[in-house]
């Protein structure tokens, strides 16, 4: 026990809120459930900020490395002699950073939903699920060991499942939830196997032991090899598969767009800011192991990240559902983070990428949550997700409009907004490690600026569509979070991340490298300009462009048919070519054999009935021949 | 009287009491009282056991009681429990209790129903407490035979066929078992010693290896049939599908555990050498049944069939773990038995309750039930999440322990088998969510469902009891796993002495 | 030889006296009064049975022709109990107008055959054995043909008589060879002189088949089904329980004493016959719809199990055989008792008539179910223990595969026993057998069976008692 | 004079009788004839006993007594048999064994 023991409350408060609100769901009238949830999370948020303050400022001796502190730990289960599952709380730079992100966004969403979800059936249920999610997410970021992380990883998955499927009477909503759960579950399979291998090669789950540069994990790097790669590398790759599943990295990304079926605040919280970056967090958590133990695995991370960011950006160009556009942009931004982790080295300047990744994670959480909540406000106003049914909203929704614009500029990487700083660090890191990756990211920066402003213009500019009632600005309870987040997205860029969150805990100095920054600003501006040209006012240019690149357009619009491929695999292969035969085999072969035996017996009993002819002389004959047979066998043969 | 003997006496008294009742009300009241007492008793037993252990009692079996029954054959009525049997007894207590309340409205021949149900329970309790192979076998058969009447009389669908099939296959299993047990008996002691059926006595020395080679398959498969070992599982889907609710609960929840428990307590414990040699065959079979059952479940449309196949998968995991033969895997096996017992009992209870309302078990004929029967719906979701191994529920603990135990083996064969088994968690998720989706979610398909009433008090009681069990183990597994762990020590020592020829 | 020694044969003497008394009383009764014979004879027989339990020293008289000891006495008592139950059960049948004139004949013949069996069991040489055998068989033939107007009955009678005559002819031929080769007919002298030479094996086979006929082992069983079906139910139960039991007793004794030198040979023979008997018996029983015929075949299968005990050729083996026969008497008489009670009231003997019986006559159905489970060897009823011990003794000889086959057969038999249970409990019937009350005698008979079925298993002293009297090779 | 007939020829006779008896039993359709065949079997047995006794164990009498008993038993057996056969004749108006197959399978 130590001065951080109180942090136990941070996850526990939402948990008890969940229990209480969940049990007393139908008793809680009106917004009571929501208020309880919000207050509970408010406390948790306050504690998180206090922790951050305490950890980064008051408790920290200047010039020394940030050490990781175990605030609390209990034994949960003994597995083998060596392996024991503990539950606890680990305080170190990234976990505190995540603590801030999660609690802030979650708190914002809680407040926002008081307005957004007003009058929904099962309002209290919504809040109980939100609290459950907050609990699981906080537990995940505070995990002291890999297995605890896995436990909460699953819990996060299920609460996301519950929230996506919140409108469970809509079949599409539930199937989206199902898809999300099963895809991530499939990825978690990799994670679990990774854990199995890693824990048996290193004999521990504990992060502090794992990331110790001369601990069992990294020293086992040269250990037993399988198919050319060391077991450790395999473990890391498999673990990354788990992370990729949660963070919607290609090709496990298919669940994220559908997940937009959930209520918009949920998308903002889970599918933009927190849960989807769990993958990044996982890799960051084990970063020393990746960097020192399995560089190959790290390369995989980099390339997957890079590809996904490009891939998603291209799709985002053509989507018309605003939430889907945001979803794909989320994928693309997470791609950035993964890449930047992938290109990073360990320690000091080398660890720039690591720092940049977390930095971007932080800023992205702010502006992406802002974007989603803004989109939510828009949807709230026009009751539609489709761009084509929007336009000219800027005069109806001034606040939303402003904040949305800020967010767009941020994501486009225009200084002095925070996005610029974090993205710039990433580009620098990429530039120093691998020019190709750098090129990709550079391109993606442009694409991002383009499609974001495409979105922006088609929502807020252009002429009005005929709305069945004039759109009105969202209530204060919704706009205040927007403003707070806008504030965050503007100024969070000024945080000295290179002193706070670094790969080895030691701060280092970094400055903006204008050789890279300038072009990145430039391409951002270019993207915006093109978007302005095409979408500020209705004109035929977009159509023309679409026609010239019709194939590319269609493919991008159909998300490169990945969904169809998956559908084929699951429906056709699994269901028809495995499950159906299995069922058939069971009915006819296995069962048939058993029945066959029974039938055989019956058959015999029918065919020997001739023996019992009812004629005494035949009986006598059988008798005598029986005697003769016995005599033959036992007198002459034996 | 010895506390363990009470576990047999109380049900018998209950049966006697039911004989004097007249109608449903009285008989269900008597049986409810009896089984409540039984439940309390098992709770007391757990408490006594834990305190006894903490007091430092290191005996392999506690509360032992031994009475010579057939001196000529040295057959004893010998009872005693270790952590494992205590856990199983507690499980049985809970499931039977829930089962009684789940069949609160058994109008037709209610007296006979409760009598047979409790006779079945008697057999199960007796099986778990007995240390003497003869009495063990006796109780085993006592537990099996009432199934015929229970399914045949109160069942649904092709009940005669299913009942006959189930009974005959299980009896065929006991044919194998008989050979195994007699074989063990005649080699229980070195030449000239007093032959014995007592497990502990037999375990003291090694059965000749060539006899083990001959007897192990008999014993293991004999128990395996009851544990739904592929390809001898085929009685289970039909049987479960035709059985009335409480019977499915008891059967899948408890009776199938006799298989795992016996395979562990008799086959492995008494014949470790042969087990080591032949494990690979059965590991292949069990890994098949783990995946096979899951895939089989995906395709089914009848709720009970789905659950039956998932039971095949989960019980396959039990035997799989038992065959892994290390401390962790054994612990996992026992936890899995308990968790599956609770989960599947809960499932069957819910299915029975839903069936009682919608009068169909075909998932494609139902939909949107969550809206009309929220309580049952929520509990069903909980059961589903538990059975797909979500943290916080017992299934997760069990599966993780098993996987880690299995993965402890360093050789490739075991690890591949493990990974095959691990992959089942995804398939499980698929079919569970498929059911939940079509059954509870979406719009209401049939307007008759609009005025279904939600669970009554006895249904709530029966389900909540099980849910509590599941979550309790899921949240705080440590006490349970330690209790089991400790009791495994003798077996682990015995295994440690085994010289592995070849492996 | 003093007169006191004659008392060694007290069972036989008492039964003979009883038979005489019955005849004398019968002379002084007119048709109306015949009914009185029932209480008188049952009372007398009860007395005989009770006297049988008075302990008695081992003795050998007539120069070894006749000997008695604890085991023999026990066997006789077991048979007495069985016959007593049958007497109780047959009352309602005797009261039917067709038989009311022949009541005393029935008792007389029954007692006579019992005398024969007693002599057979305690015989010390082949002459006495043969004499007892015939005395036990011929009156049964008369009983089988008891209902003289019924063609089936007389057919049964003649079939039984002819085939038994043939078998006893062959048996005698075997005995003559034994005599020729050893020069003696006394068990002990022969047992000492017997060796494994072809002639004597041949002789043994002839003798064995003669006994196999009595126990109705495959392939010497074919008469069984027809005779059982044709004969009146109580005679059927008598044949299937008492005479089978007696034959089993003497067979196991002879096997363990006279032919012990031949054990290596006859073990294989018994192995073969046992497998055949169990399997064929089951296969035939599966299809039967007539309850008597059904029980006949099932009793054939049961005989196969008895051989497993003999195969043990040790103390455990003999104990298990005697114990099994004891249990088997109660179980089978329970079944036959129910069939008899129903047939006496309604004349229905087919399994289909039993549909829905439980709803109308629960007690009968329960007893029937218990008997079925006991015959199938399902715990907790006694049959389980009987079978279990037979298997144990077979396993003690190392015959694991035989045990396996046997238990599989037990499973098959469970199938058709369950068919009866199914008919009574599960099947629905539009016109089930109406509810009826049996008379006191029948009730007592049935209750005795139920009691035996329940108690014998758990009450291990019974087994111990038998075990202390038994012996092995 | 009997002494100069060897034992074997007696045994051959008895064996022949035995098998003739069995043959008759299995083939004759008339119940009475079947009974007679059985008598043949029994008599072959009697011959056996007597000659064994006379030739091998002349100083003992077991064989003789045995054959006497067998004769007596055979007589009683025949008596009962005839009784039943008469009864059958009443029922079937024939004593052909072929008719006696109402019960089969």
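Here the chain labels run A, B, C and D in written order, and each chain numbers its own residues starting at 1.
Rule of thumb we're sticking to: contacts are C-beta pairs under 8 Å (C-beta built on N, C-alpha and C of every residue); 3 or more make two chains touch, one makes a residue touch a chain.
None of these values were measured; they are calculated from a predicted model.
A comparison of C-alpha centroids places B closest to the centre of the full protein. Remark: chain A and chain B have CA centroids separated by 37 Å (rounded to whole angstrom). Mean C-alpha position of chain C lies 27 Å from that of chain D. Separation between the centroids of chain B and chain C, computed from CA atoms only, is 43 Å.
Distance from the chain B centre to the chain D centre is 66 Å, each centre being the mean of its Cα atoms. Annotation for chain C: residues touching 2 or more other chains are 158-159, 162, 166, 170, 225-226, 287. With touch defined as above, residues shared between interfaces to two or more other chains in chain A number as follows: 609, 612, 614, 616, 620, 624. Counting partners per residue, chain B has 168 as the residues that reach two or more other chains. Chain pairs that touch, as defined above: A-B, A-C, A-D, B-C, C-D. Note for the complex: chain C touches chain D at residues 126-127, 130-131, 134, 138-139, 141-142, 145, 148-149, 151-152, 154-159, 161-162, 165-166, 169-170, 172-173, 175-177, 179-180, 183-185, 225-226, 229-230, 287, 293. Interface residues of chain C facing chain B in the complex, by the touch rule stated above, are 316, 319, 373, 378-380, 384, 388-389, 391-392, 395-396, 398, 400, 403-404, 407-408, 410-411, 414-415, 418, 421-422, 425-426, 460, 463-464, 467. Of all residues in chain D, those touching chain A in their complex are 22, 25-27, 34, 97-98, 100-105.
Against chain C, the residues of chain A that register as touching in their complex are 601-602, 604-606, 608-609, 611-612, 614, 616, 618-620, 622-627, 630-631, 633-635, 638. Within the complex formed with chain A, the residues of chain B that make contact are 165, 168-169, 230-231, 233-235, 237-238, 292, 295-296, 298-300, 327-328, 368, 370-371, 385, 388, 390-392, 396-397, 400-401, 403-405, 407-408, 418-419, 422-423, 425-426, 429-430, 433-434, 437, 440-443, 477-478, 481-482, 485.
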